[in-house]
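Next come the structures, one after another.
Okay, so subunit A shows up in both of these, paired with subunit B first and subunit C after.
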Partner chain A sequence: MGRRDAPLPEAVDLAIIGGGVMGLATAYELSKRAPERRICVIEGSYLVSGASGRNGGGVRSQWGDAGNVAIMRESLAICRGLAQTLNINLWFRRGGYLFLARSDASAARLARNIAVHRSVGAPTEQLTAREAKELVPELDVSNVRAATFNSEDGVVFPWPFVWGYASEASARGVAIRTHTRVTGLGEARHAGHDGYDLTLHTGESLWARRVLNATGAWSPVLNEMLGIDLPNRPHRHEIISTEPLKPFLDPLVVDLDSGLYFSQSTRGEIVTGVTMHDVPGGEDDRVNLGTSLEFLERMAANLTAVLPLARALHPVRQWSGPYDISPTATPSSVALLDTPTSSRCVASRVMDS
Partner chain B sequence: MTTRTFICRCEDVTVKDCDAAIEAGFETIEEIKRFTGMGTGPCQGRECMVPLCTLLQERGVEGSDALAPFTARPPAAQISLGALADGARESTAIPTPTSSPEGEDS
Partner chain C sequence: MMAPAVGRLLAAYLHDGTRHPMLERWRPERFALGQSQRREDMIIG
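After this line comes the complex of A and B, so read on.
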């Protein structure tokens, strides 16, 4: 399912650059729809080396935009059968998502969102602080003014998604080449068709009728080779996981006012992060995968305020991953789990072109 | 080592599991970590990295980056979230409210 020595054809119908969940899922969806097309995926490092392998695995339909809610609900529906379809263990655990509001502004935001959710049929419930504490007795809800809960939301372990799509795409004849960087990309004709020449760092080259840039937060580098300037930029998010605890926490909890979120993985670890808009060292428009003490301290202060028992916990590791952010500050891909739906949309577009 | 020997005792990853990863095409420590979960437990690779290196050499895995250790993650020493939270109160202003990626409502 992806090798550094996987043979690449000299010419393909579609070259997908980027072996993350989006590139691999699109390869899989397209290979199902059009088995006759020659498809390859070229990954500069190893599979899951990018954002697909660096996230918290949250899956929720609780968004403020009806379009996002609909995409995520479809993804959640696809996920129900995905373990069987892809022959993987997703570690999919539907403990729900619990949003907490500790200010009037956040409470108003939750009220707006719940109206949007109901308009598209998502079963989000409005809760009082006391009801939130009944769901998670370990919470300190003394400042909580309102809460919402959707029992359909949940968490997954993100890596198996990538293995599953890679393995099924590979079984359908998609060539998946890892540890190979694309160093040159330019328009070129071949056998009477317009297309692109790709030069690889290994000295190899191939021609592709279509190229899909699936490198997410890394995509500006490739776009520059074609003179394409899109306004998406990487935004670094840090995250930690702690030593494992006996399972006690069902929902993923989001504290809207501090930007804190935490959940318990199926392995028992608390996986938690807090948004830093002022990313330390985050001015660069290239991906930076560093970690900071500022994050660790801010996360710890916010987490222990909402979940006092966490004071005794030790972080086991801290890492970071990039969001691919548009000028409206919306992650271009809202989460890992819109992929089952969005990869189908992309595959359909490629089919039609 | 037999196929049932544990390479990673935190996450119960055996020689057999690592062999399956090599068979699937994963031939660097970074990849084998992600495919098997080795090195992601409390010891963070301190115990299992060397046995895995030995195994890869025995299996004849080549390549300049194959035996490179996976990225070391902070914190280097154990520190409780309580101590970090107290440090935050002493060293920086009270955390500024921000919105969350998880809470992004668009």
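After this line comes the complex of A and C, so read on.
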């Protein structure tokens, strides 16, 4: 897998910056299709140090956009066989996702989403409050107006995804360098080809014909080196895990009105978070991995309202991770810099906006 | 977690130029060109 002293070639066909699940999945998939390509992955810290190691591990098709639902159904299909493919236990638990709506507006969103999901074949079911309680008897559903459930959704332990992809990519010849920051990125020609020079904090440098900026919420730093200004910004999300309980909770439960979600890990912990629109310390555009008492208070108030038994639980660990959010909350494939010409084109068009 | 599927899409593009419709939708020019796109409103947590 990745090492801080992994040798890097002087020139590669593709340099992937960012050793999270996105970068490593791409490295693995490309190394399978094109074993002759020289590929390297450069991670500024350790594998799973970024958002890939800080999330709740949810894998769901219950989104609001049909394209996102379709992509997530593909991800779920891949996940079903990925443990065997990567030869690692991903702790994929297919307990489904249960969404609860406590307002008319949220109930309308769920009803609209069911139509979207069914249009692309996702088997999302509309449930009553009583049916939701039959799925999870410990819930307080007294104010629930509507619910949806998709049994295909589930939860994974996200770290083995990163390790599994890294291990298999490495076995196929991908160089994975950890603890190495890219401090310079600029256009350069090499052996008659357009491409990019990468300067590393170690004093090393290499040339890449293509660059994939897979650093997520940290991506504006690299984009800036090429004069690209995209409107994606980091948004801090906090999460806690509690002391363990005897297993009782199969689905991941979401309270749509508050943005609360919770699941039970294989160790029995309740893993939970809640939407914070006004993130404490989140005023600037930099990634902030702090935690806050405000989150703990909001999470506890919402969790105990939906899951009353949580009143007796103590948090054991609290951490945060960044979402990489665009104005439409959809990804940008600008991260893929085909050639300097295309990156300049993107840069000028975006910056002129 | 979209990465398993999106990793395949990106790898296919890098390998032979195959562009999945979602990669087209995610092109950053949409911000500069003012193309309207439905906001994904099911982001949780």
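Worth pointing out:
The working rule: the second predicted complex is superposed on the first by the 328 of 353 C-alpha atoms of A that agree within 3 Å, B and C clash if a C-alpha of one lies under 4 Å from a C-alpha of the other, contacts with A are read in each partner's own complex, and residues count from 1 in each chain.
In this text, a residue touches a chain if its C-beta (ideal position, glycine included) is under 8 Å from a C-beta of that chain, and two chains touch if they have at least 3 such contacts.
All values reported here derive from a predicted model rather than from experimental measurement.
Looking at the shared chain after the overlay, A:P327 reaches subunit C, while subunit B stays out of its contact range.
Contacts of A:T275 after superposition on the shared chain: both subunit B and subunit C are touched.
After overlaying the two complexes on the shared chain, residue contacts for A:N143 are found with neither subunit B nor subunit C.
When the shared chain is aligned, subunit C comes close enough to touch A:R33, but subunit B does not. In the superposed model, A:I71 makes contact with subunit C only, not with subunit B.
When the two complexes are overlaid on their common chain A, residue A:L14 makes contact with subunit C while staying clear of subunit B. In the superposition on chain A, contact is made by A:R109 with both subunit B and subunit C. After overlaying the two complexes on the shared chain, residue contacts for A:E243 are found with subunit B alone; subunit C is out of touch.
When the two structures are aligned on the shared chain, A:G2 is found in touch with subunit B, with no touch to subunit C.
Once the two complexes are overlaid on chain A, the subunit A residues touched by subunit B in the first and by subunit C in the second are 56, 58, 63-65, 68, 109, 113, 237, 254, 256, 259, 261, 274-275, 323, 328-331, 334. Within the complex formed with subunit B, the residues of subunit A that make contact are 1-4, 46-49, 53, 56, 58, 60, 63-65, 68, 99, 103, 109, 112-113, 159, 163, 178-179, 237, 242-243, 252, 254-261, 274-277, 291, 294, 296-298, 300-305, 310-319, 323, 328-331, 334. Listed in rising order, the residues of subunit A touching subunit C in the complex are 14, 20-22, 24-26, 28-30, 32-34, 52, 55-59, 62-65, 67-68, 70-72, 74-75, 78-79, 82, 109, 113, 156, 158, 161, 165, 210, 212, 230-231, 237, 239, 254, 256, 259, 261, 273-275, 323, 325-334, 336, 346, 349-350, 352-353. In the complex of the two chains, the subunit B residues touching subunit A come out as 24-28, 30-31, 34-35, 40-42, 44, 63, 65, 71, 73-75, 78-82, 84-85, 87-89, 91-92, 94-95, 97-106.
Those residues of subunit C that touch subunit A in the shared complex are 1-8, 10-15, 21-23, 25-34, 37-45.
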